[in-house]
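Going by the order they are written in, the chains are A, B and C; count residues from 1 in each one.
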Amino acid sequence: MDLNSSLPLGNLQCEQKVLKNTDGSAMYTAGETNVLVGVYGPADCKESKQDVKQAVVEVNFRPKIGIPGVAEKYMEKFVCKICESVILRSFHPRTAFSVIVQVMQDQGSLLSCAINAVSMALQDAGISMRCMPVAVTVALQKKEKEDNEMKDDSKKFVISPSTKDEEESVAIATFVFDSAQYDSISAYACGPMTSDEYRECLRLAKEASKHIVRFFRDSVSRKVSTDIR
Amino acid sequence: MPTDSRRLPVPEVSHSPELFCSSDPTSLINDDSLRKDGRNPEEIAGIFMQCGTVSQAKGSSFCELHKTKVICSVYGPKDVEQKEDFQMIGKLKCDFKFAPFSCHKRRGHIADLEESELCEVLTQALSSSVCLHRYPKSQIEVYVIVLENNGSALAAAITAASLALADACIEQYDIVAAASVRVFGKENFLRDPTFHEEYFPHQLSKKNDFNNGVVTVALMPTLNQVCGVLSEGCMESSVLQEAIQTCTEEAQNLYAPLRKCLTSNLGDINV
Amino acid sequence: MELLNLQPVESYKTFLKENIRPDGRELMETRQTVLNVGSISTADGSALVKLGETMVICGVKAELTIPSAEDPGKGIVVPNMEMSALCSSHFKPGPPSEQAQVITKFLDNLLKSCTVIDTADLCVMKDKLVWVLYCDLICLNYDGNALDASVLALIAALQNVKIPEVTVDDESGLPHTNMEVKKAFATRGMPCATTFTVFDGSHIIADPTLKEEDITEGNITVVTDEHDNLIYVQRQGGLAMPEAEMQKCVKRAVEHGSEMRKLYLAVAS
């Protein structure tokens, strides 16, 4: 793909149907970060958790090593809310969707990589969705120049930052857009920034998300063409 | 050491700064026979009671005894969790917790032995006052959190819990009022002990006579029946009797403010 | 009110037609907030927040510990949120619920990303002894929007913290604390959170109550600092929303933040 070279998104790779026993799965690589997702559903649901009007979504976030902790719980909740808003849940009342996110390698922009992976896995499972969620992480770096206060020059936005970029940045923002209208579904921004900087991050993320959607489309069409063959 | 995956990781060991300061053990009563906080031994602590603190609960209360602050809420009667536990009498489920910041030394999140013990005493004291036979197949949940412990936490908790049960319109034979007293030598009964006056076995000095301990009594004031006694430390039986008598009197005196608290709360609803 | 329980969504719609909420608030109006600090004498710093009926208490306990190998010159701040069974029938006794864990992590992220506390200030002796601040938050009454209340309680409690003086004996290397001399330590900045939720995909309402949380989808939390910068933006779920709506929330959060900062200043003086 030529697409990768023209964009500062790093190396994007996605393989669907990697796990045999799941209803849908995807292995998604963005830069050095790699996430594997398995999706089950719509499947049977415990009576205590059932919702009579719509399906429930459960997300399990597993770190590369160790047992899941509070940080994973936070990610789970974030991903779960996105799934709940995109999946047409009222089609499958009294059932459950189960999404398992396994982090294979984390070299920055983990949240956006995980969301994109979930998006591809849900697509692979053929679950009806309002739209596909697309996530982009943007980091804001500021170099404090002590002598002159050329603030605009010292500002730098990094799309899909690596762990090193994240450490050097003052603020990190992850935006999730819908693949149809490019309206925002979810956002997570941490660190001090002015609302102008926030808008700039959002604008850059929106641009980048269009490329990712194109990448989604390409990899799906590749998958479909091999299926036919 | 098992880590708690549901909370943020904490340092494996940490010490209270009080550990590193020189402490001077002083007598509980000074030469003018006054206590550290300036009270007479017989002087009780001021009590503040309030109903309906937690709006989400069926019934709730807040109780403040000198600086000890206890909040309590009651839920139910609701279905028992496990269906196989079918019983014709209701079940009283209590949970007693010290907030991590409530004591001089920080408390852990998981219930320790002291909390389990106090919870047991609380459950027993309340079980004899609640008309459990009126609630078949159901359970009543009582949650108590001690926000600040400056002594007599159990007494405050029992009083608060009974008040909350009354606020939740759970049928009781009588309200339960509790009081505690620190026995310090044969003669000295310190009413409503503060945290420093509470009984710590390792702090005992040899020169006192062996009568040393804390007694807490839960009383149903109108029936004049004792429904719970917790005595720690050792004392002669005559001294214990006297201590229980002192507590009973004190608990009896709580009846008026309890009644006032409940009726004033009713007034609000009618108006 | 009966109808609100039976047909919450339908009856809520009729209220919204008049641009008012069942409790008499306007859509972007927050509930009355009361902040009280230092009421727990056993804690080194404490704050009680009442946001309408929602009540959150935060107590900070300072203890001494050995620093971690990665950050030998830095103290540790550990927030922990507890949604006890006491505060609502939604929660069961036992380990923290998912919601409590998410708030805990939110507070942790917030403390790390803003400069309220410089953990270097908590260092007593590099590589040997640092302070650890256990910030325990307990929700005492849950009527929605525990997040805003807990941010307010946490920051106010940290501003209220007074830690005793510590000296380290040169010869023995043992610390000695003087409980008589306690000093407050410098906190920088006053972040303030404002939460919004979306009803029916089109109406944004601020500071939802528990009932409103049940019938709305997606929540937006914006944390602002005293320079009106955004420190933390969290938007979870809900339908896709044009950016203009989001900017409305940011604008309201900035307004609300400056109101709340008056509370911080009032209790600090």
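Basically, a contact is a pair of C-beta atoms (placed from the backbone, for glycine too) under 8 Å apart; a residue touches a chain by one contact, two chains touch by 3 or more.
If you want to know which protein each chain is, UniProt gives these names: A, B = Exoribonuclease phosphorolytic domain-containing protein; C = Ribosomal RNA-processing protein 43.
None of these values were measured; they are calculated from a predicted model.
Colleague: Following contacts chain by chain, what is the lowest number of steps it takes to reach chain C starting at chain B?
Modeller: The fewest steps needed to get from chain B to chain C is 1.
Colleague: Comparing chain centres built from Cα atoms against the global Cα centre, which chain wins on proximity?
Modeller: Centroid comparison flags C as closest.
Colleague: Need the most distant chain from chain B, centre defined as the mean of C-alpha atoms.
Modeller: Measuring from the centre of chain B, the most distant chain centre belongs to A.
Colleague: Does A-B or A-C have more contacting C-beta pairs?
Modeller: Between A-B and A-C, the larger count of C-beta pairs in contact belongs to A-C.
Colleague: Which integer distance in Å separates the CA centroid of chain A from that of chain C?
Modeller: Whole-Å distance between the two chain centres: 27.
Colleague: Would you mind pulling out the distance in Å between where the CA atoms of chain A average out and where those of chain B do?
Modeller: 51
Colleague: Going by the contact rule already set, what residues in chain B reach two or more other chains?
Modeller: 6-9
Colleague: What are the residue numbers in chain C that touch two or more other chains?
Modeller: 101, 104-105, 108, in rising order.
Colleague: Where in chain A do residues touch two or more other chains at once?
Modeller: If we look for residues of chain A contacting two or more partner chains, we find 70, 73.
Colleague: Across the complex, what residues on chain A touch chain C?
Modeller: Those in contact with chain C are residues 70-71, 73-74, 77-78, 80-82, 84-85, 130-131, 171, 173, 177-178, 181, 183-195, 198-199, 202.
Colleague: Of all residues in chain C, which touch chain B in the complex?
Modeller: Touching chain B from chain C are residues 39-43, 46, 53, 55, 57, 59-66, 68, 76, 78-80, 82, 84-89, 93, 95-96, 101, 104-105, 108, 132, 134, 136, 138, 140-143, 163-164, 166, 174-179, 210.
Colleague: Applying the document's contact rule, which stretches of chain B touch chain A when the two form their complex?
Modeller: 5-9
Colleague: Would you pull the chain B residues touching chain C in the complex into a rising list?
Modeller: 4, 6-11, 13-18, 20-22, 53-57, 67, 69, 71-73, 75, 95, 97, 99-104, 106, 109, 141, 143-145, 147-150
Colleague: Using the touch rule from the top, collect the residues of chain C that touch chain A in their complex.
Modeller: Those in contact with chain A are residues 98, 101-102, 104-106, 108-110, 113-114, 217-218, 225, 228-243, 246-247, 250.
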